[in-house]
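The chains carry the letters A, B, C and D, assigned in the order they are written, with residues numbered from 1 in each.
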Amino acid sequence: MQNISKSGADVVQLKEAVANLPTGNALPILAEIHEALGRLVESGTTAVIDLGSIPFTGGDEKRLQEVLGEGEVNAVLNAMGESFVQETEIPGVWRVDHYDQQGETQSRFIEVTFIPDILRTHREDAVRGHEMLAERLNGKTGADKKGG
Amino acid sequence: MSATAERGVNALREQIDAPVASFFSSCVSCGLCADACIFFHETDDPQYTPIRKVELLRRVWENEYTLFGRVKSMVGLGNKITDEDFTEAERLVYDSCTMCGRCTMVCPVGNDITLMIRKMREGMSAAGHAPVELIGAAKRHTKGNSPMGDLSKAIQAQVKHASAETGIEIEFDKPGVDYLVILSAQEIAEYPEVIGAMAKIFKQAGVTWTISLEAFEATNVGIQIGNRDVAKYLVTRVVEAAERLGVKKVISPECGHAYQAMRWEGPNLIGREYDFEVVHIIELLDQLRAEGKLKTSGKDSDKITFHDPCQINRRGGINKEPRRLLNMVAENFVETDDAGTMNWCCSAGGGVGANERAADLKNAAFQLKKRQFEKVAPDKIVTMCAFCHHTLENALEDNDMDIEVAGLTEMMAEYLVDED
Amino acid sequence: MNNPNFDLLMFARGPLFDIALLIFVAGVLIRVVEILVLGRKKDFSKAKGKPVQQGIKTIFTRTFPRPGAIKANPITIVGGYVFHIGFFIAFLLFVPHIALIEELTGLSWPGVGRVIIESSTVLAVIAGLALLYTRWRDPVRRKLATWVDYLVLILSLLPLITGYVAVNKLFGDPTFMMALHILSVDILMIVFPFTKLMHAFTFAMARYYNGSIQGRKGAES
Amino acid sequence: MPSSPLLPKLMKAHGVSRRSFMKYCASLTSLMALPPAMAPRVAHALETAPRPSVIWLSFQECTGCTEAITRSSAPSLEELIFDSISLDYHHTLQAASGAAAEHAREEAMREHYGKYLVIVDGSIPLDEPGYSAIAGISNLDMLKETAEGAAAIVSVGTCAAYGGLPQANPNPTGAGAVSDIIKDKPIINVPGCPPIPMVMTAVLAHYLTFGIPDLDELGRPKAFFAESIHDRCYRRPFYDKGLFAEGFDDEGARAGWCLYKLGCKGPTTKSVCATVKWNDGTSFPIEAGHGCLGCTEPDFWDNGGFYKPLSAPAGNYRRVGQAAVIAGVAAGAGGAYLARKGKADALANHETVDAFTLEKEEKES
């Protein structure tokens, strides 16, 4: 039998090797972002890139992060698990990462847009908000309704 | 098929051994042997591609010595050899091949095509397809004592003449000597000076020698025809004479195929080792030089080049010896292109010279030598084969080239230190 | 439900490979034995050189052409070199092939990366096509050639081409192309003992004999 | 049972915001491997799609497929999808048993004739139907009977799709795939042993929203089975560089090198394992250090051994090789005898000639 600590170290080593191994896919993605940003500026056309559709490892993620950097907006959504919507240092380029209630990644996107759609309040929700506010103004406390 | 054709096929059958089988198995038809062949080189005719010349031998091998070939023959796909096949092969096997051995040197898979030509000629001759001139020479040599007929009187006259000129006594069939000298008919008839030259050199070096009147002829037309029975018969004469005289060594003269016949094929023809050794005259001279027994003085100031006889250099391994000797006596020695192991044939070896049918091919082939000589522009061409000597001399004359040709032994003798 | 492409692949690497292996191994053995048993007569001439040593030496030295040969036959010699070297790099240094050889023989060695394998393959194919061209256009080679010469050259190129297409998924279903690749190798193995492909084994014998014949006389080879 | 769209109601009941629904649709679109621009269409379809009745049939199987799909963390996308269907029969999951259970199936079949979806896991024994039966009904009969009124069939797992393990050599039950039996209904194959849960739900979602997805020649949705694992594998660069693990605990294995030589079937296996991964995107077999078994391909059990490199021959080559040596030597010896005899005869037949018999004889006519 192998020495336990040694094989433990091996696992860590392997994990790290895997996590930091770039596939080289960051580069084409960045090129695609650049092109999409050009279209946004020229004609206002928005674009969404699904990072789940190609092999994208920790190494690739790092490379992407390095180039795009962190911008001014950093929003956290709380809708069936958290979602992080961040503008990168490149204005017009957003990271949208959806997680479920367990904190597992559901989907990851790059959005090239002036404002990601998901940040806007949607009409249906506003309607529901209108109703809720009316209920609350009618004397009912919001507390017993919370989470309902 | 005629009885002789059947005899020919059987002779081919006899010739096939492991080397031949491995050669045919290995050939990938790359055609690289073509450019090595002087006849292809000068005619650009693809039929002269060396490996094509041994096609009949290949067919016998495939039909009779391979399992797949036998199966093919059984289902009627075999390729029977006919008399016409032999006739067709004549021009390839005899007229356009001097057995110079260049193809053997360039074959990337290592096929000894020249050896296979030699074996092909066994079949051709047994089938009755050898050139008539060579058959005539064989008859003359069998009946008489040289391919030129009976040269007994000629040799005695030449020896007498040499003795008179050099003042050295030359005894026939003298027992107790170390060396037996044999000569090519060409030398006896055309270049007898070599006898005196050897006498002088041997005297200075203290070599004891004799010539046998029973067997003074070194050439063996059986080798050129490619018939082991004839070759055996002729070589046996020399072997018996040498063993009767009890010499230690037989000196193979300045003659290409005679060296092959005497030294390399002879023991195999008679099926045993000799009681004596065979040494080439140039080998012996070089050995005497190394021992300090060959002393010369003065040098020829002419521009001299050397022609390597195929059977002595490329197929005989005597390459550096003549050059060491020549450097002793030549002040201005220049090599032609490809000199040495890959030298080109004089254009008439291997029986081509005697073959009337091959005259045009021979002339075409000589053009290559001509260009090489023109490039060097020598005053004199030295060689170590009487037949090369003869061929070059005639071809140079036919091509209006004024270049002297000389034998190396003769040239060495010319610059021998006069000790008396 | 079956995947016909996979079934073809399994046929190619299963039963057909077995048949091909049987024919290849038995065939090569027959051919080699057939040559060796013919033997050669004892040579009674007194050796001047060292026939055995020179025979062995010639197996290696004959790999290199004599000076000037390349100029006379550039396509055949350069093409021949590139084809053989490229073929053997692709065949012997590509790790899946090493895995196959290891499985068959237990022998293994390190492989090389894809760039080397694929450039070798491409060069070998180009060289092979050049050889095909000169076989067809050059009068000497054309006259020497039989249909088997063309067949064997084409069959030798097929594994290279199909392998390249399968690995790079250039066209066709990759599994199908891989099946074709192995199929082409099976066919190559089957025709091997019946054709000039045998030179891959017998060249060493031929060169040895050549070298030893010349070596006995003290001549070069 | 309501066949009107359920999902919006369901979400409203859970207080799920439109924003959550958008997020859900975005993730679902990504999961279905559709371009992100399709998200609004997915949302629209989900809002309007009728809630279908689903009958789940389990035949010769190990319940691994059901385990896989139900073990995804809840409440998840998968669960929501399941909430949006009416699972009317599933003998592992349903509460009802015995006659009541079978009654539920018959009821669903009658009520939703021509519209319900059949999901099958497990293969069907064809040699002797009695090898596997439920409630006295052989698998074969149950499949035929249930398939008759189905709108479509989803074969979940390699057993249902291609025969799988039960069909492995020597296939004692004569197991067959759904597609071997049912020829007149659309069949979606979702192979895998088990299939990736997310793939199963994504295929269901696709069926619910856009109907039958694009299928390859093996009946698999192209969105998940178009590319080989090898092409998407993060270890692929090592393959390209010629760096291979030789054993499961050697340097190469530790450094994460390619597992080709250890029998990985990635190059001939089409699946999204390398990108979608397993256990909520945690890892996949190759990442865990084991080669791909090729479980999404037909006959994967019999495709030449899990630990044999793909390039290794799959047959009886060792025995064949030995036989070849024996045959070669024997035939060679036979050939050798003939060759030697031929040569000996030739030598015996040698007709000694001399210079005077070298000329050709005139042909006798």
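Quick notes on this one:
Operating definition for what follows: contacts are C-beta pairs under 8 Å (C-beta built on N, C-alpha and C of every residue); 3 or more make two chains touch, one makes a residue touch a chain.
Only a predicted model underlies this, so the values are computations on that prediction, with no experimental measurement involved.
Following the contact convention of this document, no chain is adjacent to both chain A and chain D. Among the chains, the centre nearest to the mean of all shown protein C-alpha atoms is found for C. Each chain gets one centre point, the mean of its Cα atoms, and the points for chain A and chain C are 56 Å apart.
If you average the Cα atoms of chain B and of chain C, the two centres end up 38 Å apart. If you average the CA atoms of chain C and of chain D, the two centres end up 38 Å from each other. Centre to centre, using the average C-alpha position, chain B and chain D are separated by 76 Å.
Within chain B, residues 16, 65-67 each touch two or more of the remaining chains.
Taken residue by residue, chain A touches two or more other chains at no position, since every residue touches fewer.
Shared contact sites, meaning residues of chain D that touch two or more other chains, fall at 331, 335, 339, 343. With chains as nodes and touching pairs as edges, the resulting graph is of another kind, matching none of line, ring, star or complete. Taken pair by pair, the chains that touch are A-D, B-C, B-D, C-D. Contact residues on chain B toward chain C in their complex (touch as defined above): 16-23, 25-32, 34-35, 40, 44, 46-47, 49, 51-52, 65-68, 104-112, 115, 263-268, 270-274, 277-278, 313-319, 338, 341-342.
Of all residues in chain C, those touching chain B in their complex are 30-31, 34-41, 43-46, 48-49, 58-59, 62-63, 65-66, 68-69, 72-73, 76-77, 80, 135, 138-146, 149, 193-194, 196, 198-199, 202-203, 205-211, 213-214, 216-221. If you check the complex, the residues on chain B that touch chain D are 2-4, 7, 10-11, 13-14, 16, 64-67, 70, 83, 125-130, 135, 138-139, 141-142, 225, 227, 229-230, 233. On the chain A side of its complex with chain D, the touching residues are 2, 10, 13-14, 17-18, 21, 23-24, 48-50, 52-55, 57, 77, 79-80, 83, 96, 98, 100-102, 104-107, 109, 117-118, 121-125, 128, 147-148.
Every residue of chain D that touches chain A in the complex is listed here, in rising order: 15-20, 22-24, 26-27, 29-31, 33, 35-37, 39, 73, 75-77, 232-234, 236-237, 249, 254-256, 274-276, 280-281, 287, 289.
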